[in-house]
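We just call them A, B and C in the order they show up, numbering each chain from 1.
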Amino acid sequence: MKLKFMICMVALFFIVACGNNDRSTSSNEEVLDKDWDEIVKTTEGSKVNLFMWGGDEGINQYIDDWATPHLKEKYGITLKRQPMNTEEFMQKLLTEKKANKRNGTIDVIWINGANFKNAKQADLLFGSFSKKLPHFQNYIGTDNQIALFDQGTKIDGLEAPWGNVQYVFYYNSTHVDHPPSTLEELKQWIHDHPGKFTYPNVSDFTGNTFVKHLLVKGVGEKSALMAEEYSKEVIQSGEEYVWSYLEEIKPDLWREGETYPESLTKLDTLYNQGEVWMTMGFNEARAESLIENGTFPKSTKSFILKDPGSISNTHYLSIPFNSPNPEGAMTVINFLESPEAQIAKMDPAMWGEGTVLNFNKLDKADQEQIKNLNRGDSVLSTELLSNNQLPDLDTGYTEWINNEWAKRIFEQ
Amino acid sequence: MNGQNGFLNNKKRVVFNLLPALAATLLLVGYGMWSAIAQSFQSVDGEWTMASYLELFNSLAFFHSLKLTFRVAILSTLLALVIGLVMTRMLYQFFRDSSSKVLVWIPILIPHFVAGYLVYLFFSQSGLFSSLFYQLGVLDHRAEFPVLVQEKFGIGMILTYVWKEVPFVILMLLPVYYEIDHRYSEVVRTLGGNKWDVFRSVELPWLLPVMVETGLILIAFIASAFEIPYLLGVTRPEMLSVRAYEWFYDGDWSKRPLAFSAMILPGVMALLLAIFCIGAVQKHRLRMIKGRNR
Amino acid sequence: MRFVFNRLGKRELVTSLMVLIFIGLFILPFVVVTVKSFSVGWRFPELLPQAYSLNGWRNIFGDPSLKESIVTTLKVGFYVVLLNLLLSLPAAKVLSTYSFKGKSMIETFLLSPILIPGILLAMGLQFTMIQFGLADQVSGVVLVHLIPTLPYAIRIMRAGYERLGIALGEQASVLGAGPFIRFFTLSLPLLLPSIRSLMLLTFVISLGQYALTAIIGGGNVITLPLLYYPYFSSSNEAVVAGFSILFALLPLLFIGGVEILLRLVIRAVNRV
């Protein structure tokens, strides 16, 4: 009986191991040499796996209820959204690269910044594909700043822009009459309302970007350089301001700065409960859906700091090196960059975030549609946002803040 | 008849029966651990180095984390064991009936992070207890409610673990209580012993091996679990698992060896502790089994 | 009512008090989660939500992968339970009956999967699993789910066998019963409570695995936690609460199904 059992176990292993026979795929260069029409033609009836972070109902809804049916109808492609944290699918790709697994399971990934830098360095991406996409060529263009650099890393066509968001602060207008409009005013406000403000731990991207605003202010005029490269000298000119500002506000923060919310979600919860009166974050329109589902109070409004401005952030779609269906992936990404898909994405009922398309390149009808779009009462005007827009900084600054923050704030 | 050729037979039987389980464990733990250790000694470029361990031992923050991790793990385990033991002693008659046993199972079904969320829901400064006291007029303001979650000692975490693990302890101890021959308790009482004597001389010998084992499982689990500290801990000092997670998923991949080594250390400590404790208890258990099957 | 109280002695009173405390501590919070899943913006200092809605649940049941993920979760859980039974029954029997050199080392070793952080093992195993073609497959996920479950399975069955005692088995073998019949007519019914606990516990553990499933399943094997975890970072608390309830209900459904099956099997065996 035991022998039989052992045989069964061994057999089980074999069955499983044999089930994974490799399909042959054309090499990456061959795919990139193909004609666009040919690419689109071959993808009909195929399946595309989109791996993306899945923690926002609005974003998921946009993919599941809008993009997926439209793709099916237009191209006959079945888009499958797989919810997974960015770090986890990056780790998966890295290990697959090491194990030399040529036939993967991921077709499209949603990445930017440090993750893109890592992926590029470890050679985890498919190749320079963005210039093949008609919508990218028509509405964004290869010389566009967001198509050249992703937080200081040269893009080289390895990823295509998907969305553009700006960093704004949210406040409860029943408690706050006049929101601050500069960093100095914010400091004064925090001092006048002890315990009613905090920012997320800098290991969270939102918390990290809050500190980046201080760095930009501290560096002053030279801050324009920071989008393109990491430099120690630039930091030296600005770090004094960063740490003294954070030290000064610390005693007046929520829980006297003894602890910080681990993530933006936790800060949102504190805001929701009324423990703090302000929250923040990327995507100037993100409060709309939260107000609608009752998470944020109805009196939520937003503001930006005109001094130093509001950092913007672009996120991208890319194709991994071992995508089983790169043609399908390109078709999907091209579709998601269409004016139609980008305008639908701006609808506050679903996602509500900004477009990456160049407004001037769009045709009249699309321009009208964007102008007439009501993004909601909590969203600031497009002029105000774009006049105060700052580019995102090189990922080197993100790491610097990550490494220094805890030392300066907790371990002097 | 069993006695003469029994020895060889038994040996074969032992090996055959244990082999599948041992092979599965060896495959999973052996391979996984070996590969993890290798990665902790390798830099991103594949060079062999001790750097990650040296960096850990040279960092004061690491020792603060270690201290907090030990404190939370040990305190939660001890409290859960003691409370679980008391509850089992008082309730084992009631739980004898299998339909009421469902009651013990229900808290086990709740995942850990839900438990953490519950504690947050009830005990945070904006929580339900705070609301209750406010409504009763005991508090004028929520800031007067004591800070129980997200504070430096780890009260919130300990509370969650105790709440979540007490039913587990009860579940582990219940079968033992049904096994104990309670006639011995009568004997002790007739001889003039009090409740404590009954517990010490009759129940404890049966309970000890299971309590040690349960304690080991709990300590090891609490020292490496991530969800609850992430939800209820403070920024600094943080539990080791949170620190390791941050390193794992940091944008900077050069910190991955650090993450591996920060997790290997508690794992190895738990293993050593287990070898020591189980060895000690084994002798005790052997004596008992021999006594019973006489 | 008075009749009941008169009949209760001091001991019974203490027991019922403890039962009440137990229920209050461990069962009532669950009711709060249920209320929470129907609430809208329940804030300090409200003791009860001001408004209710089905939005949280609508979100949960609206996810297009939900059905698929429940099926996958049950499938993974079923295989994990089965594999655990197959591996733990023989091992537990030996450990409960025989004493031999190095036993405590073997015991520690068998316990080691739950003493070492699971994520560490998963990260270490990922590479191997990819090479063997087990990654991204249900089979690979089932295998890594043995890490947090097998030690408990062996432990539970071992306790079951110890209670059974050796004497019982010897008696039957003297009476001329083969090992197979002996197992089904004697051991199985007596081991049933342990088997039941084993199934429930291993299923619950398997159901709760996020990191192991994500790392080895690679997003291809979508179980409930994979759907649920991302939502946990959503600030919509009704969704979080609703999923928590779903989580607790699934093992109850599973064990209900298995219970019926077990009774049928035993009845059939007894008839033969």
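The definition used in the following text is that contacts are C-beta pairs under 8 Å (C-beta built on N, C-alpha and C of every residue); 3 or more make two chains touch, one makes a residue touch a chain.
Here the structure is a predicted model, which means the values were calculated and not measured.
Enquirer: What is the shortest path, in steps, from chain B to chain C when you may only step between chains that touch?
Expert: Contact-graph shortest path, chain B to chain C, evaluates to 1.
Enquirer: Tell me, please, which chain's centre (mean of its C-alpha atoms) is farthest from the centre of chain B?
Expert: Between chain B and the rest, the longest centre separation is with A.
Enquirer: Where are there more C-beta contacts: A-B or A-C?
Expert: A-C
Enquirer: Per the centroid of Cα atoms for each chain, what is the distance between chain B and chain C, given in Å?
Expert: Result: the chain centres lie 17 Å from each other.
Enquirer: If you average the CA atoms of chain A and of chain C, how many Å lie between those two points?
Expert: Using C-alpha averages as centres, the distance is 37 Å.
Enquirer: Two-or-more-chain contact residues of chain B, please, as numbers and ranges.
Expert: Residues 16-17, 20, 126, 142, 248 of chain B touch two or more partner chains.
Enquirer: Which positions in chain C touch two or more other chains at once?
Expert: Residue numbers touching two or more other chains: 43-44, 86, 90, 123, 127, 232.
Enquirer: Which residues does chain A have that touch at least 2 chains other than itself?
Expert: Residues 2, 5, 85, 91, 273-275 of chain A touch two or more partner chains.
Enquirer: Given the complex with chain B, which residues does chain C contribute to the contact?
Expert: 14-15, 18-19, 22-23, 25-27, 29-30, 32-33, 36, 43-47, 86-88, 90-91, 93-95, 98-100, 103-125, 127-128, 143-144, 146-147, 150-151, 154-155, 159, 162-163, 165-167, 170, 193, 197, 200-201, 204, 207-208, 211, 232, 240, 244, 247-248, 251-252
Enquirer: In the complex formed with chain C, which residues of chain A make contact?
Expert: 1-2, 5, 12-13, 16-20, 49, 51, 53-57, 60, 64, 81-85, 88-89, 91-92, 95-96, 98-99, 101, 105-106, 263, 265, 268-269, 272-275, 290, 293-295, 297
Enquirer: Spell out the residues on chain C that touch chain A in their complex, using ranges where they run on.
Expert: Per the touch definition, chain C meets chain A at residues 40-41, 43-44, 51, 53, 55, 59, 63-65, 86, 90, 123, 126-127, 130-134, 136-137, 139-140, 179-180, 214-215, 218-220, 222, 226-227, 230-239.
Enquirer: Which residues of chain B touch chain A once you look at their complex with the stated criterion?
Expert: Those residues of chain B that touch chain A are 16-17, 19-20, 23, 60-61, 124-126, 142-143, 147, 150-152, 230-231, 233-236, 246, 248-253.
Enquirer: Which residues of chain B touch chain C in their complex?
Expert: On the chain B side, the touching residues are 2, 10-11, 13-14, 16-18, 20-22, 24-25, 28-29, 31-36, 39, 87, 90-91, 93-94, 98, 103, 105-114, 117-118, 121-122, 126-128, 130-132, 134-135, 142, 163, 166-167, 171, 175, 178-179, 213, 216-217, 220-221, 224, 226, 241, 248, 260, 263-264, 266-267, 270-271, 274-275, 278-279, 282, 286, 289, 292-293.
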